[in-house]
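Two complexes, one shared chain (subunit A), two partners (subunit B, subunit C).
Up next, the complex of A and B:
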């Protein structure tokens, strides 16, 4: 090595790097091709079943398109959009959806976090608790609503029956009082879907090194302080992701509300998706429903974009 | 073909159908006769999978049938389907039951719009017009129906007429199903509401009716009457029956104008309000299943619903009887609708399956005595006027109301399980549960119906 001059060394290194680079550039487009090849089946399905119908839906929204195939040439311009935006039923449905999202999202994030904290401790039968908290998530929506509709049954349902046992004779009318019905739906939703966020939080917590907690206890930090200053900040990214997913999913709520209260009492729990479904499929007004769909899509996209940019800024901040 | 060859071919075909020669032998001999092999193959196809079927329909014909009968009457429909399958093994019947109301009609509409619907389906008479006008149904061939013993004279004239749109028949009626009253015979007896022969004493007027319910309530210690309120169309049926007894109408005959008489409507709504809010003889926050459970277990004396729950209470061994919906306001009406058979529009009609559909409809109509056990009043007159139906209790108690029923107002958005029933039931439920006064409920009802009237029709 000593008898090779520095220039020669540099030239040799450059040649070697050049070789590697050349190999990489040549391989890169092959690697890219393979990647796209693997993505292609999914992309085709995505285009066929999501993008193309969305384009068709946009087209339908400008006509008085009917479910039975008529009205496809009855051009209305923006009349459907105008009708949606001036329809009090639409605004009420949107309000119901937002109320549901605003109540259920914090509940689903905070309760799942607390459950994960509890299960993360060194307790016996950890696996049993993990299963118990996650199990409701795999039950299909129709089964969940059948169970809860009997739980909420006034008079002889289990919840009001238990309340009667402990002295509260006239239990609340869970599904028939306009304000309370949405709370009943949120309780059902939390019981049903908290398991998913719980599992995400649990896996995040298990990645936090024990040493941090040990160091903190040596410094005199108590249980709550350790949680507040170690666990919560280190789970920041997971929390943000869970909140985004939860908001987007909550805005699209339909199944459990439709099956439990059918949008009642007196349309006080009807979400936007149900109104779209009823307009399009029950009243046959596919054009009107498409316009409503598109407006709601823009809304959800805007909200997602806002949260996404928050996530980006946080990522850049971390770097 | 020259006559001798024709005769020889006929012989061969007969032997083939009787199974006395194999297909290969048939082909060989028919070609030897001078028939081209392709023509021989065509003849072979016509003999199908061998074995003649009594109906003339090729064996193995697949028949898809959709219905929405999930309640007590669903059991009877399954029985009729089994009867049909036994009598006609050559037809492969595939019967599918979907949930009543929106889930059924949305799927039927979409399947017909896509051109691949079931061969034959059930439809309420009141939901049929927008489907027919939207080209989602095929009209019936009256001659083909007559071949299977279905003619206009086999039905009451008004119900046969209702199945026609623009002079063509789109719906063959199966039954009429009115809104009726069930009562627990033991509770009614203890409350002193029965006469010597065990029949309900006549009750005249709204006050007398509430008093009778209060007496029943004293016996049960719970409620006197129960009916489905939560999210159910029963709200509309109760209102429409009472409102019609006062002589009220909802829509003009052409279905374009709202003609509600406020006074009559408020009279009906106030009486209904009395039941759940003032006199509290009926529970205000109960759903369909809950009301059935309450009556079946003897915790209330009276029950309002369509007649289709008779099998449910017979199975539960509840001591009960059925009578027409009480004539509280004098007009004697009650709400009803009819179930009918319709032929959804196919992209291409398979003649064998269409033939099987007619046979199926005819068989079920002739078997509708079984259907009557499920509570409905058969539309097929040979069954409805038969002695055995007249002897069927408690079904025959209310058979007479068929002439005096009111069906949902005619409009593209109306009918059983429609948007109309959904938007009118909601404020009525709110009135039953005390969230709206009868005046507020009526205002919301009228506003909702007016909104539907203002919407451009998509059919």
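Up next, the complex of A and C:
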């Protein structure tokens, strides 16, 4: 029975292959149709909510476009771009964003690496530690800022209260002192999001063969040498990816700053996205906001492109 | 003679290292464990302090010097929060929008990935690159034109206004494609030989096989959209349409200095997600690891 059916299937397959060869052209059209059929729903959403807004952004940036519909035909050419580039508020917002990115990225990469390194050792309760370090990542930003503005509260917050316990009276006003406010935001961000990178590192470390470490130990390599010469090089690709994802995420910072300091004191923490938001939705100048968005988009795209080329060079190097 | 003694010395040294290694490693592990306990305590103190405050009577939240203990711990703040805010409505909005975003993302991106991975149609390579390039578009720079677009669709202050801009996820396509690329060809070839349509291959073979990838993408998408702040914050204006993150952002200002109530609302807002997280931890973690590791 089964022999016959297998033979039948083989014959059928042979006949079908013949068919395919005979009707290649018709078949190719069928394959194309199937392919685009499956892609269509995604492509529609992609075109409507990613490509079209990007085009709309470009178009609005050339007009004196206002949120209430005024000025949609008032063509300005590159005037919006000129205004953005000569606007000190834009440069300050860009500077704040870069400061945040430059401080938070190394902190988030190095701390997540150290946490993963520690949890990856032969210690008890690994799962508990993983849960604790990752859990803040799934808390909504508004809850995170509620928790931390309470901790940072100058009069009866936990941080200054604890400082008072150990003899430092009158701790600083964390959120209203220029310079310190940005540090406070970075600390919150590390607590909140380090778990994401930590999980990436941890799963990367778990893929490294134990044999490598055992062999290194027999050759006399201590804990630090093993980390330096095995773990770090083998996690190079993941590190590169974490770094660039982190840079892109940090450049887009908005929620925690907006809710914690509203960009203050005196705009010293206001990031670009908040300035875009305020230009578009507080002063209704969506044309101006679009020009700023586009400039910022180019900046992020250039960084991404640099990342891609580094990644590809590295991949070629590995092969 | 000389070489012999060097060899002997090396062997002796190796033996010494081997016998020392367990002790040295055990010491290092103990050190790591202690350090981790300290770090873990630092990590959960903000949460513990929040819980502590929420159970204190309002009058005791601002006592200096501060104490962790109160003789009058109670649930008043929780009761008042539930009665006086729109938390249940916000919950409902968050749940509905996140669930629809998740379902649509899984369907759209798995179908697209199936085509890119399994259907050898013309233009496949270019389309893959076009979709991949979408990962590079930072979503936050599109807020202004997206809002204008939603305005022209009449979707401002609606669930669909929240949902639609979040369903085209190139990264989800990427994750599914990675997964599909790893499944052997034989299965579908046999099915096609038997005359199954591509739709049936996708629906009856691929989807059941991809349960792990679906779970990872679904849970990850759900958490991300549940926590999305900036987009609902912009597209929603009415209190009744707010999601949890947006609604909660208004709580802080409206409560003034009633800290116990603010903390209670914060706890109520993140508790369900934390519980879900504890149950689905493995899938969430895999979903995140999947975005990065399988290149």
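Note that in this section the second predicted complex is superposed on the first by the 280 of 319 C-alpha atoms of A that agree within 3 Å, B and C clash if a C-alpha of one lies under 4 Å from a C-alpha of the other, contacts with A are read in each partner's own complex, and residues count from 1 in each chain.
In this text, a residue touches a chain if its C-beta (ideal position, glycine included) is under 8 Å from a C-beta of that chain, and two chains touch if they have at least 3 such contacts.
Please read all numbers here as calculations on a predicted model, not as lab measurements.
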Looking at the overlay, what does A:106 touch: subunit B (first), subunit C (second), both, or neither?
neither
Contact-wise, after the overlay, does A:236 reach subunit B, subunit C, both or neither (first, second, both, neither)?
neither
Which partner chains sit in contact with A:281 here, subunit B, subunit C, both or neither? Use first/second/both/neither.
both
By the touch definition at the top of the document, which applies to A:266: first (subunit B), second (subunit C), both, or neither?
first
A:179 in the overlay: touching subunit B, subunit C, both, or neither? Say first, second, both or neither.
neither
Subunit A residues touched - subunit C or subunit B, whichever exceeds:
C
Under the stated touch criterion, which partner chain does A:82 make contact with: subunit B (first), subunit C (second), both, or neither?
neither
Considering only touches as defined above, state whether A:155 meets subunit B (first), subunit C (second), both or neither.
both
Which partner does A:301 reach: the first (subunit B), the second (subunit C), both, or neither?
second
Common interface residues of subunit A - those touching subunit B in one complex and subunit C in the other:
67, 149, 155-156, 281, 286
Once bound in the complex, which stretches of subunit A touch subunit B?
64, 66-71, 149, 153-156, 173, 175-178, 261-262, 264-267, 278, 281-287
Contact residues on subunit C for subunit A in the complex?
13-14, 17-18, 21, 24-25, 28-29, 32-33, 35-36, 39-40, 43-47, 49-50, 53, 61-66, 104, 107-109, 111-112, 114-116, 119-124, 127, 131, 134, 136-149, 164-165, 167-168, 170, 173, 193, 198, 202, 223, 226-227, 229-230, 234, 244-246, 248-249, 251-252, 259, 262-263, 265-266, 269-270, 273-274, 277-278, 281, 284-285, 288-289, 292-293, 295
Once bound in the complex, which stretches of subunit B touch subunit A?
102, 105-106, 109-110, 112-113, 130-131, 134-136, 229-231, 283-287, 290, 293, 413, 418-419, 422, 426-427, 429-430, 433, 435-436, 444, 455-456, 458-459
Subunit C touches which residues of subunit A in the complex?
9, 12-13, 16, 28, 31-39, 41-43, 45-46, 48-50, 52-54, 56-57, 60, 67, 115, 118-119, 121-124, 128-136, 138-143, 145-151, 155-156, 158, 161, 164-165, 191, 196, 199-200, 203-204, 207, 217-218, 220, 222-223, 237-238, 241-242, 245, 248, 251-252, 254-255, 259, 273, 276-277, 280-281, 286, 289-290, 293-294, 296-297, 300-301, 304-305
